[in-house]
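In structure tokens below, several structures.
You will see subunit A twice below: alongside subunit B first, and alongside subunit C after that.
And now, the complex of A and B:
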């Protein structure tokens, strides 16, 4: 796909034509990526293995905990399992484009790949995210859906069109929360070279966002809802399917929260770009 | 590039075949050999000291791990029915014991953890292994020495700060018998040997597999489960408890932590430490043998 052919010199785009053109760019990136990846089919299978093992371990942990109690703070085993399964879907969506966010400081700032990005007539964020397409995110989406369907059957939930529609709206909304949080952390590297590594502790917090947040103390709940909004990546949206009183309505705010968090992160990113000074290499 | 693509196998294989001689290549005395490996411990310590800033956020990560499990277990105990005397005990542990278990197992992990498997597989994939093989040291012992150096660094710059944060945060109480602190530390030192030798064995898979990343990730997530970091073994169903007793992983976390909790009175303490010693020696010898066979597969690119 020659994306450059679609951009005649001296012409500027606006509105719909810009949007359509951007979609074309994404498609081109994706097609290019799939071509390069087809050579490494084993990588995908090996990734499937790694993610399956981690899901089996997580389910073993939950099974062991629930072998001791009927319910954890009022949440039954299938309910907690459902939240876990749901959490993997937005995580998988996010993982499709997240790799470069983790290595941005090293590869783009220190090694100077950012210069090349700035020279091209496509949005900087589009390029950085698309250059890291990682198909193994599909593993989490598929396996997470499997866990979710199993849990739903245990709960006696009849999956209907409404549920699928809810998933299509809530999962990308939750993925935007992930993307926003990690984009904001990545953008900080424009000001400070990321020698400290803020991303790992934040990433490590994800695993605890998969439990019902009612088990946490009030300050932690407030923190996970408003400060580092990981309660919106799994717990709140999942309660919409579970119909939990008090939470199911809040769940519908997930896409709004996602847009706010991601929008805020994009603003930080743009400020960072404007003060970017190349290493000159 | 001139020279690139020239395959030199003969030299490497010859070097590998004479592996035992390479240990004492110039008639080096045993103390001299020890001194040399000790310098690897020192150099590794200094190398990690240069990157100590990275470990500050690690303290936050470990605090998150311990806090998260604190809340999960608190909810678990609150949700389970008390016994006749009004106390709640799960898997033979009371809630304060459970919190101590979680904290000590993560604190121990901050000490024994290393990335030998990843490092060895990187050497094999990138071909650096060839340069390692022509040096007059045994790579396995070098990597063990480096792991010891790394853990010395971790103890001072990582484990200690975590202890300073965690102990007051969760009002942790140590064992009444002060000797148990020493036994626990000794036990975690043996854990370091078991952990590093297991990792070395996993890294050796890189000689046989083209892509080892998935295996490394799978073993990373299973390790914390099989060592008892994620959940104390006593919570597992009976058959699983029996199974893990035959595996080396209990010597990495479950044994040291239960020693700290005073769950191994009298001779059981020495049995536990003896078992760790056995696994450490067994895995060390096994890794030596596996490496000797695996290294014959090395085909290095010249240039």
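And now, the complex of A and C:
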């Protein structure tokens, strides 16, 4: 005997209405997050203060560092600086939403928060990413923008609408590359339960992506382009603004690479969900 | 009776890693883990009709929670099928979860740092509860659970009883057809337990919700469920009406007696000579007797004991679920033998 008392199937969303619904959910979760942070007013103040201090310190470090370096493998100091500045924008975007990817194994798998996530009629990834935000990601976005504007002025680039449009397309595209890489790493938790895992060493490799890729040997270049595609998070997209021959056209592939990497990671995540074993009791 | 929840030959295996010892062993584990298969749920089948309130009981590790997690779509089974109103929980998750409410007694579903009402507002958004329904539900919850008092307090500052009331309300906010309760009265005091039961009775009558309940407290079952399913070591051992279960087992009761002077077991046995009362081996002032309510009343046994011995204290206790499960299991063993 099959179940013959049926539950109504709700509307399934697609396209535009799905998009609007998702935005609504993100907003609701974000509002919730801000409210819960405001519940600890002192924490919130300290965070804001810490971010401001950290921006000043990072600016000072950059100035000192680059006052010693005039050029790097044919790239002028302002060009290197521009790439560095650009790299911080997608990193900041990614840091805004990625807190729970680092905590995922511990909080969601080992402590069992994933059960609750699976009981709600919202996508699992949406919930995990939106249950916490890292506001200090704004720090990197502001710092990166500041550095880019400074470097652009040194290079004599006239920032126009086209540049802003380029940033709006390329930076989120590059952020998707980060998100994809770390989501894939996080998804491994569904197969191998582990508190920290691969994320910290890979996170450390992000720093390789902040310099012109031409300074590395060929195997490293191939590795950073096709295997661990961190060349797409800063160098390739940044060259579009610099108009570097050869690379500038590759730069336009950034959003495509982002979508491929992130899409692949989402597929791994979904397979992982069906393997989810929950905790005891 | 039309079936709302249909479960057929449902099984779930866990793969446990058997860890080797020492650092060397840890390294070997990384490369070549040794697995042991544990069958947590074994070929379970049942049907539940709309409006039923079913107690799903068993000892710790019997497979209760695993079953509930498969029925709610949290876990994907190893084998077998579940169809709830035509939906498959783990496959149609986004559709299905709109129709169910779930309460885990052990952990809250609410946002820890936020005022209770904020959690409700976010849930309203997630489940797309219309404003009018939301207002109506909140009024019902305030009337039955009195949640209005602490609606503006952060969840972390609530007592366990208050938190449980909020969790129940949160699970029912979107008017689900089915409510899953995993140990809803665990850790609560007698008064709080009673108010939770009272609420569940009212909400069932009011909104006709189908309830599946796991518990350690036999009183929960007695007061709420007509039907019980008993599971042990992953297998269903009993599925039927509570009355039938009681009839089959007779209801075992335990009488504890404290005396003002020493007696032997034999002396105690003679006080209930010829009656189906079993005194446990003991010497001195403390004695324990077991009997079945179906065969003899507690009052009768107490009267005999009090008349024959200098009693200082008496205590009549019902067996807990673990004991009942053991009884059922023993009975099943005998049938097969």
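Here are a few things to note about the model shown:
By definition in this document, the second predicted complex is superposed on the first by the 229 of 281 C-alpha atoms of A that agree within 3 Å, B and C clash if a C-alpha of one lies under 4 Å from a C-alpha of the other, contacts with A are read in each partner's own complex, and residues count from 1 in each chain.
Just so we're on the same page, a contact is a pair of C-beta atoms (placed from the backbone, for glycine too) under 8 Å apart; a residue touches a chain by one contact, two chains touch by 3 or more.
Being a predicted model, the structure only gives us computed values, none of them experimental.
Contacts of A:267 after superposition: neither subunit B nor subunit C is touched. In the superposition on chain A, A:118 contacts subunit C only, with no contact to subunit B. Legend: residue contacts after superposition of the two complexes on their common chain; A:277 is shown touching subunit C, with no touch to subunit B. By the touch criterion defined above, A:29 lies against subunit C but remains apart from subunit B after alignment on the C-alpha atoms of chain A. In the superposition on chain A, A:164 makes contact with neither subunit B nor subunit C.
After overlaying the two complexes on the shared chain, residue contacts for A:42 are found with subunit B alone; subunit C is out of touch.
Put simply, subunit A uses no single residue to touch subunit B in one complex and subunit C in the other.
Partner subunit C is touched in their complex by these residues of subunit A: 1-7, 9-10, 12, 24-25, 28-29, 32, 35-36, 39-40, 112, 114-116, 118-123, 274-278, 280-281. Across the interface of their complex, subunit A is touched by residues 53-54, 56-58, 60-61, 64-65, 67-68, 71-72, 74-76, 78-80, 90-91, 210-211, 213-215, 217-218, 221-222, 225, 230-231, 235-237 of subunit B. Within the complex formed with subunit A, the residues of subunit C that make contact are 2-6, 14, 47, 49-50, 65, 69, 72-76, 83-87, 90, 93-100, 102, 104, 106-107, 109, 111, 113-114, 118, 122, 125-127, 154, 177. Chain contact summary for the complex, subunit A toward subunit B: residues 42-43, 46-47, 49-50, 53-54, 57, 60-61, 64-65, 67-74, 195-198, 200-201, 204-205, 207-208, 211, 215-217, 220.
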